[in-house]
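Okay, so chain A shows up in both of these, paired with chain B first and chain C after.
For the complex of A and B:
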């Protein structure tokens, strides 16, 4: 950290701390609740309970939107917290962001559980308007408006970050570190968190704008069915938005690793040219890679599929070769003492890196022919979300309420951590196995020969849910202890 | 095929995970050697080289096969929640081009062999016709399963057809 930082660990409390703590509480509770929804779905697929398919698809919709939303919320809280170490951010903007976010959540929950909207979090056009009689147009509209509110909140959030970065680091190019990377100007090189913040705000703003456009088109279509949208164009916009948005959650959360790990290793995470170059690559790759969602849409030009495949692989290079590799180098021989926060944060990076491998494999056109929309897909994204972003979020939350006198893993912490890893790994591996067994994703009812896998997965999921329950309780207890 | 994909993937994940954990667990041992940046450069270039080989190798022959002149054309229409085809009997060993569309929302044509392995798929999209070419090399009862979420009866959207040995 340079001397001009507005805040540093030594100079007093982070001005955003209370808001961020509150956000992490919300995020943690919603993660837990959504995991219970997930468990119910998996148990239903295993035919251990009988669940009305309609209810299954409502839970699926809520789980998808709720998990992506909580990942985004927790990632945003983390990024805000650490950006405030380097920038003078206005709390009022964050409060507006949070308010819009919660208003959006209320609409989305209402559309699902009151309106019966079960068109999945991806609202693939024209499904919201053609429910087959399951939900009315207003429920679809309400869902889309809920998303829009969240999008507006994020645009505000990124605008504030962008303004403050631009004025502090001499423009956004300064914040991205490109002045150092391309012009070799090494005065005022931004710290890793600012490089990440600048990059995410660039690509996620673009993503959200595309998302907003297709949401607006969907809303008009819901209200005026004669207004038609090209379904292939809509699908492009939706997956561009969806891919960018979900990836942004992890790219925001990883700043917790950049900022916290050095406290444990005594080795600052540095903005090297390689680091800045890797982020520059991410800005491009994360936008170009969404074509891998359309590899079975054979009316897409062939070059898009080649780009989708090649960039899927290329995205793994900065992730594994730079982020994961650096993590290993920073930790090796550092004398780091494992406690719960740093264990979870490390898990988050490792899970993210490993989860990219089945994603890269599925990004190949020939593999995708056999794996697309099977449970292989939830298999890889649960790896880098459940064992990635969410692990980072709970690691950050545990760090917020850490007891500075304790520098080791208590036996309860160790048990919880092991349960989370074991349950999570088992859960995602069964998904991959199920995908390889050709089991389609998003099926409320599983054939008998598929049920054993769903049952096994339910067992693993239960372990994850219990471990997460302890993590949430532990966080609440930590908050209570610190507020005394 | 799927089994090989699974095993290769798990192998890669296992090796990568083991390498990472070896470093991460060695907090008390020596730090990474001075040569680590060179090692990393080699690793990065290695990843890039492997990527070029895989990309060229797997895309040189375009994975979406196009149909030969004598392919049998089968038109498939779909909707919430049904499939309809020209024919339910397909000769063994005959190249088939499925032309798939839908009358309402997106669906996904997944072709399952008698052992319930997915052998080919393509999206079904309103106002588009999507083609997928496949040659059946095993006789028996096949099924179409819907691969794209399309509403409450998505999992009931199945259809049977037969692949018959020719006399």
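For the complex of A and C:
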């Protein structure tokens, strides 16, 4: 095989480009649709429309699963695209991944909108089997099988990445950069994208395996209820999986920042020891931190509470700190010209960093006692997803179809960007405010005293939806322009 | 020649375990079965299988193995002499031998998939055998069944370590098919 088989920024088109563009289109459209579902829920909570509570839970389930799925899909597309700059990845594996993913989506949508499954994206055991007559066991099974298919797709995706990284960088330790970090071996230090890819594939594979195990157990329980699973064990496995999986989406997407920013600043993003060390911390801590989801389970051992609290800091701070700080350093004095892609990517990093702060607050046992089931929690994750991962995904998509002749923000771009930031920030701040006022999450119907917040949030959400609509249309137009 | 002797030894070990298998499912499934499969695979490693037969050979091995995963087959092998003989014939010749013969043609992704599938099936069986509210085999007690379930889990953990650790150190097995896709070193400048 010759050197040119591996794409580098200088050596012509990326062989994965068409597939990745298609994926980003899918992701963008689904993001938009799910935002509309979110808007409907928020409007209903504000009593501006009347929505059957049963329908609310179907929308909540679809919104949760659809958003997490689209974040994962777009993150995976970004990581694949940039990994292909350094590795010779096989498109056939990506196609299989995408096929399994879409098959999973069909089953999940079927289970929700045909089968009536409304047990939320977290499928907390034994909820799928305890519908109170709202859905039948087969709908729960269909939902779980859909997830399993997506899980298998991801395992295949990581298998290919892992094989290629291990053979190119002399084992995963090489890909993680740990030879450089711990043995000071500075030959063949992996680039940032490969460090990220290796880290994510290690912890997300473990997470998915736990998720798959509990899904399989849930399926057996749904079909043969006499097979009982220890609910606390199942909850541990589910939150381990859920936490790791949703975090992985942003850890995959951030590679767009590592790879695109240098195009703008002329300064390559380097794999320093600090950088590799921060990623090493993530690999360990992202797995140990999930206990902060179980702070209310009184029968969990006390040490898990301590780990949950302490690691809540350790898991986020190093990498986010290093990334935000490096971003600022790379940008400062580089003469960077702001256009839409780089604005959205920068927003993504900032939103990711800010979004982790409410989580650290809520990761404290004493605070969690009060805030656990309030809208504080959606406030946290909407910040790092809506203003973090999703912003990065749209930034990457805009970069894919950028017009190289245009190096500034057009007035439409500026308006859209500002609307997205304004609407998004307002929307998440109202969630946080609601949480601080003890308004519970996951309630279809809100008391009158809570409705002002929901109504305000609906206004902000509408702005986000409109801005996103423009981003999607702009992407489609960009695709059409480029294919001419 | 050495391989044939080793295969013979593995087969003899499996035969010598036969008096014990009625009392203990762990010996039956986690000692005798692997010994029989090993015997076949030691023979199969010598075969030069044509590439186009890889698929059918793998299917034969996997289907045969799937049949032996059923609790019903375990019972039958204890009660029915025909099934007993079938066990001594099919596990080496329809599982171990074809698996080993096909392995060198199997690409790394499929290898990874098969390994992952083996681990997840072991864990799944571990779950079933430890959680089943009834006896799955007529010939064994619930306690034995749960011990076997735990045995599946331990085996899965051992396989995970055995297969994963080399990946971290760069010793991954590859074959001709993968070489076409390999990326040689020092080609890309760090960006």
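Methods note: the second predicted complex is superposed on the first by the 477 of 484 C-alpha atoms of A that agree within 3 Å, B and C clash if a C-alpha of one lies under 4 Å from a C-alpha of the other, contacts with A are read in each partner's own complex, and residues count from 1 in each chain.
Going forward, contacts are C-beta pairs under 8 Å (C-beta built on N, C-alpha and C of every residue); 3 or more make two chains touch, one makes a residue touch a chain.
Everything quoted here is computed from the prediction, not taken from an experiment.
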Requested in this report: Based on the superposed arrangement around chain A, label chain B with chain C as either clash or fit.
Outcome: fit
Requested in this report: In the overlay, answer first, second, both or neither for which of chain B and chain C A:47 touches.
Outcome: neither
Report task. Examine A:259 and indicate which partner it touches, taking first as chain B and second as chain C; both and neither are also allowed. Result -> second
Query - Comparison of chain B and chain C by chain A residues contacted - result: B
Query raised in the report: If you stack the two complexes on chain A, which partner ends up touching A:166: first (chain B), second (chain C), both, or neither?
Result: second
Query raised in the report: Which of the two partners, first being chain B and second being chain C, lies in contact with A:136: first, second, both, or neither?
Result: neither
Requested in this report: Look at A:302 in the shared chain and tell me whether it touches chain B only, chain C only, both, or neither; answer first, second, both or neither.
Outcome: first
Query raised in the report: Between chain B and chain C, what is the shortest CA distance in the superposition, whole Å?
Result: 16
Report summary line: The intersection of the chain A residues contacting chain B with those contacting chain C is none
Report summary line: The residues of chain A that touch chain B in their complex are 53-54, 57, 118-120, 124, 126-127, 130-132, 134, 230-232, 235, 274, 296-299, 302, 305-306, 309-310, 313-314, 316-317, 320-322, 324-325, 327-329, 331-338, 346, 350, 353-354, 357-358, 361, 364-367, 369-374, 429, 432-433, 435-438, 440, 442-445, 447, 449
Report task. Flag every residue of chain C that touches chain A in the complex, lowest number first. Result -> 108-109, 112-113, 116, 120, 123-124, 127-128, 131-134, 166-172, 174, 178, 180-191
Query raised in the report: Where on chain A does chain C make contact in their complex?
Result: 1, 3, 5-6, 8-9, 85-88, 90, 93, 155-156, 159-160, 162-164, 166-174, 188-189, 191, 209, 212-213, 216-217, 220, 226-229, 259, 262, 268-271
Report summary line: Per the touch rule, the chain B residues reaching chain A in their complex are 1-3, 5-6, 8-10, 12-13, 16-17, 19-21, 23-24, 26-32, 36, 40, 43-44, 47-48, 51, 54-55, 58-59, 62-64, 80-81, 104-106, 108, 110, 112, 116-123, 125-128, 130-132, 145-156
